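One chain, chain A, links the two complexes that follow: it is found with chain B in the first and with chain C in the second.
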Partner chain A sequence: MGFTESFTGPWRLTADRVLAAVFVAVGLLFLVDLFWGLLISGSISFSRLGSLAWDGLMRGLVIGLAGIGLSMTYSILNFANFSHGDYITSGAFAGWATTYLLAGLGRADVGSLLLVGAGGSVLGGALDIGVTTTPVAVVAGIVVAGVATVLLALGLDRVVYEPIRSESGITLLITSIGVAFALRYLIQFVFGSDVRGTTAAGSIPQLQLYFVDGVVRIDAHDVTLLAVTVGLMLGVHVLLQTTKLGKAMRAMSDDEDLARITGIPTERVVRATWIIGGGLTGISGYVFVLWKGTLGFNDGWLLLLLIFAAVILGGIGSIYGAIAGGLIIGVTASVSVLWIPSAFSRAAAFVVMIVILLVRPQGLFSGRSTA
Partner chain B sequence: MSADDLLIVESLDAGYGDLQILDGVDLAVGDEEYTTIVGPNGAGKSTVMKSVFGLTTHMGGSVRFDGGDITGLDPEEIIYEGIGYVPQSDNVFASLSVRENLEMGGYILDSVPEERFDAVFERFPILAERSAQTAGTLSGGQRQMLAMGRALMLDPELLLLDEPSAGLAPDLVDEMFDRIDEINDAGTAILMVEQNAKEALRRCDRGYVLANGTNRFEGDGRTLLDDEEVRREFLGG
Partner chain C sequence: MSTADSARQLWEADATKILVVLAAIYATYLLSGLVLGYSLRGQLNSIASLTFYIGVFATLALALNLHWGYTGLFNIGVVGFMAVGIYVMAFVSKPLYGSGGAAQVGGLGLPIPVGILAGMVAAALLGFVVALPALRLRADYLAIVTIAMSEIVRFTFLSSTFQQFQVPHTLAGDWTRVGFGGGSGLILDFPDPLLALIDVLGLSTVYDGLVGLVGTVVPNNPDPIVHSLVYGLVLLGVVAGYFWLLKRTGESPFGRVLKAIREDEDVARALGKNTGRFKITSFMLGCALMGLVGILWLMGQGAVTPNFFRPRLTFFVWIALIIGGAGSNTGSVAGGAIFAAVLYQGPLYFQNLVTSVFQPGDAPGSFGPAVAPLIANFDPVPFLLYTLDSVRQLQLVVMGVVLIWLMHNRPEGMLGHRKETAAAIPLVGRSEQGERTDADAVGTDPTPAGDASGGERDE
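Right, the complex of A and B next:
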């Protein structure tokens, strides 16, 4: 043992240093290029960078909010839920069906409204949907998205996950992949496979902020997304830090056996976890669609890998890690198009995740489970 | 053993899954009595405690507490009966603050009266000093005190302590035993498993020597300590 230690110890240290130095060098290169483009050659405008960063922030907040739900179920139930992405889609469809119904009642038949205009029967734009034009329908949609996802999460837990909770994590994981497919194709079967426009893009009030050499546009849906996601994140923070339930959730994510012998009703905490995690997830799906203006049955699934990346990057199990990871992933994916074609922007996000994990394998906020 | 003892374990068979560890264990703890179980590694000492607290597979015999039958109840139910359990390791919530750990100890109460915190802080002043610190940053001895404090939040009639001196520095071991004496003096019955057999027998009222999952000797602590056979077989001469 002494031999291997003295052999691998210094060698590993050097390798780590070299690796870190390479990353720092590459990072600096990008930074220099960015400043060069911004200040000297003028090939990158400040307003473009600002717009991309803002876009990334929006994306990151959605990923972060959805990531909280994933991180919570991971730390409290010890289970990586691959159906999480399709909870997002389910919430979005439930919420948007409500919004369509309230905004379009009397203007189109109820069936096509409830199917969120499947097959192009009703267009969101034609219903003039937007947070300023149909505020009641949007707020009701947010609420229904949350509630429906809570019910879905509780129902699936009761029917699918609870009976196998004592099995290994891998059993749960593979089961959840099955649930993911079942949900996604059920949604496709009911609502159709077309991607529909949901909002009246032209009628959303916009703010043009002058930023050095141009404008960054911020519209009412950006602001809605910002307010809803940040508000809910603060809410979760307060819940976890100050309420009895929140402390019990943290206690259980620390040590489930100890929680049980302390008298914490673990099954009730599990249910609360699904309720809170499900609610946040469904709402994140709704505001994501409100912000991007389109809705398709693949939305959540496509987001899932980014959410996993964010959660792992932040240190799986920590909600603050999920938020920080979401912002990093979101901003990286958006800003990366300054250098690479936008088709590769997701890849850039994963590269950044891998680099950060190489330097800090435990994730940014690890060891601070849920706290 | 008398019928009005606080805890009465009778011909208990128990283990984990299919593996039987305890074979007809008899044991009793009187009101406010300080009882210890000693014996070699693998004797089933900790298993006795876990069985009392409903953490093992019950295979036969009975556990009665305060006149009622608690055989086969879950820990969630047993905690309401007035038994507190301090496991040997992993006995604090590392990411929660000291105060939050104590709060969790009183979880089954609608609200934890401030006097309960005060009582624990008075017994373990270091916990009051560190109340805002996360438990993961405490030293081994402080963690052990926090774990006991957590179990004392419900003011149990019986406290189960699994190797409270394990892993502590020698000077802390004495302090730990003093604290346990104080808790017992205040009226809480104690059932303790200890590796440090001599010290445990010196301090307790009644002792049990367990080997291979069955009773070998029992009697008051001093008698066991002076017993030729017990000394030779279990206390290293």
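Right, the complex of A and C next:
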């Protein structure tokens, strides 16, 4: 962390301000262009912007929910967990195996259902899976996704992370890359490498909201995602604000040694961190798949860098930061296609992260952390 | 230190270790091939590809060692610099569009050495752009910025926006069609670089003689075998060059400052070193070297696609460096060789051997049919076949487990150490010197910068 101080001369301060001013100016330019396009030239329709923003909101909620877990482990265990994305995938596969099993019992053999139709043996569309058509299977899937990821996180912590708890953050980071590799390709070994469709895309009830000059389509899975993610976020907020656990977590992320000598059972706090973080992560993976309708072994890994961007953007350790960062990253990635080719939408999100790191390395919400 | 002295020291300490590792690897490969009755052609091919991968992973590990082992910069965007290297090289050296061939886009049509230089410079410049913010960031933030950068690079080459475009290529203002080919890849339609090099060196007759020689034992089309073997040898030469360069860099005053930065940047700064500039220079040098490896890896492959440069390749290099031991050039080479032989090529070689020797039947297409007979009537054959068929995935699982194991049990790697001689003169008598390896620490250091680099890593 010594790097920052080396450049805090007066000239660096000015340079920082100039840099920030440039970025603000660029941001304003985009806003002006957006309003110009919306109101004057008409090149951007309100409904298109609305659809993109809604899409970004959905994405952002998933990233934010998964980001809470990453942010918590980052601040309490002091390392960037590169296997977090594969926790998402694991949760998604566990949950979807359950959903397939409950929705398709009697219609296909149990093995294919448990393998989420590996090798095209069962198709999600054929099982007519959806939150309105098979609500029990979906709810059970959400629960199993959470529980399975909690168990996985606790198991991996016991075997992998606990023995090297006192090592540096970089050692733990490298270890987590090993965990990510092992998890991801074990999943590929068992469930196959094909991306399967999971929901009956045609039969999801859809709402067409009229929005100024066109429609924004919202379907039942959007609503499910919104309800589940916002509900869980509120739940975590209440949990960490009103219980001793939240206080203990804040104490630990501030100074672990100090927390320990004040009698905080640090190992138990670590376990609680994995339970909360793992559960939220697994569920976010499940609802993400429910929302986008496809499932592949790479899904979580592809999401991971965006989640990192969100967590860093918001400020490591702050769950509000993770949520806000997730929303910013999600909306940026989706709305950026108004200006740049869609191949660069993820790149745009990364650029936003790098800009924030340059201007405000401590993140938007640092110092206001909950846990 | 005189050149002769340094050469002797090199030989005594490092080269022997590397040679022993290499000899053991080759012996194992040849012996297992012989025992299982592999054909001579198969043997030669597997040796050639083994040499190739040892070469690229050893050079990449060496370049990464400059970043992480010497300067403490946590770069997990290695593939980004490799991609920029080969793509810029292709951009510069591909023949002009319309000069025949199947390529959708052309290049600037400049000679290959110019292209290689341009590729390295471009990688170094990208390194400069990344290093500027990096200076102000914590190590783990730098990690995320570099990996994000490598993905941005991949998206850029993948996008249809830069698939093809026009640039002026003469002073008169003639435009030509160039591009990066997008997702479908870029055909590298310049003349074969190895043959061109041999031609320039005037060794064509020697090469032809070699082809004739190999033709006596492998009568059917010996040319590709010789080509890949010779290319592997060239790569090993490049490894030696990297090793020498980085060894000299590490021992130079410049390198001592880098090690001081790694151990404690504040101390280095207190001693009046402009640590920012040292870090940028070191980062750029490493990036240029990575760009060159990218070029050497893909230059002879005929085509390049952006998805070759997925982040997992970066992690391969990291595993190689960690096996060998960060902070040691010898370890980097040995780690690269062991990674290539055991973790990267080993499982595939094993799969090839088993398939060619036992001729097993077709494997089940997915996990379900593979495991069902095992549960139903304890028939493990389909499961074993599926496992053998999935070696490409399982080897990544093995890599992950190896990485975890290493971080638990031997985080410093085989030869890793952060203690090494900082003095520019030998500190021990001639007789003792033979026994010393660079793993030994030297307690008394005459230079202040050396003092900082003499400490053990204690992050």
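The rule we apply is simple: the second predicted complex is superposed on the first by the 355 of 371 C-alpha atoms of A that agree within 3 Å, B and C clash if a C-alpha of one lies under 4 Å from a C-alpha of the other, contacts with A are read in each partner's own complex, and residues count from 1 in each chain.
Operating definition for what follows: contacts are C-beta pairs under 8 Å (C-beta built on N, C-alpha and C of every residue); 3 or more make two chains touch, one makes a residue touch a chain.
In this text the structure is predicted, and so the values were computed from the model without any measurement.
Model built by superposing both complexes on chain A: chain B and chain C fit together without a clash. Contacts of A:G119 after superposition: chain C is touched, whereas chain B is not reached.
Looking at the shared chain after the overlay, A:G363 reaches neither chain B nor chain C. Touch criterion met: A:T171 reaches chain C, while chain B stays clear of it.
In the overlay built on the shared chain, the residue A:M353 is in contact with chain C alone; chain B does not reach it. By the touch criterion defined above, A:G69 reaches neither chain B nor chain C. Residue contacts after overlaying the shared chain place A:A251 against chain B, while chain C stays out of touching range. Between chain B and chain C, an angle of 90 degrees opens at the CA centre of chain A in the superposed model, to the nearest 10. With both complexes placed on chain A, chain A has more residues touched by C than by the other of chain B and chain C.
After superposing the two complexes on their shared chain, the closest approach between C-alpha atoms of chain B and chain C is 14 Å.
Comparing the two complexes, no residue of chain A contacts chain B in one case and chain C in the other.
Interface of chain B with chain A (complex): residues 53, 55, 75-76, 79-80, 85, 87, 90-96, 100, 103-105, 107-108, 136, 150, 154. For chain A in complex with chain C, the residues that touch the partner chain are 1-4, 6-7, 79-80, 111-112, 115, 118-119, 121, 160, 163-164, 167-171, 173-175, 177-186, 188-193, 305, 308-309, 312, 341, 343-344, 346-347, 350-351, 353-354, 357-358, 361. Residues of chain A touching chain B in their complex: 244, 247-248, 250-251, 253-255, 257-265, 367-371.
Remark: chain C residues 74, 133, 135-141, 143-145, 147-149, 151-152, 155-156, 158-161, 265-266, 269, 275-276, 312, 315, 318, 322, 365-369, 371-372, 390, 393-394, 396-397, 399-404, 407-408, 411, 459 touch chain A in the complex.
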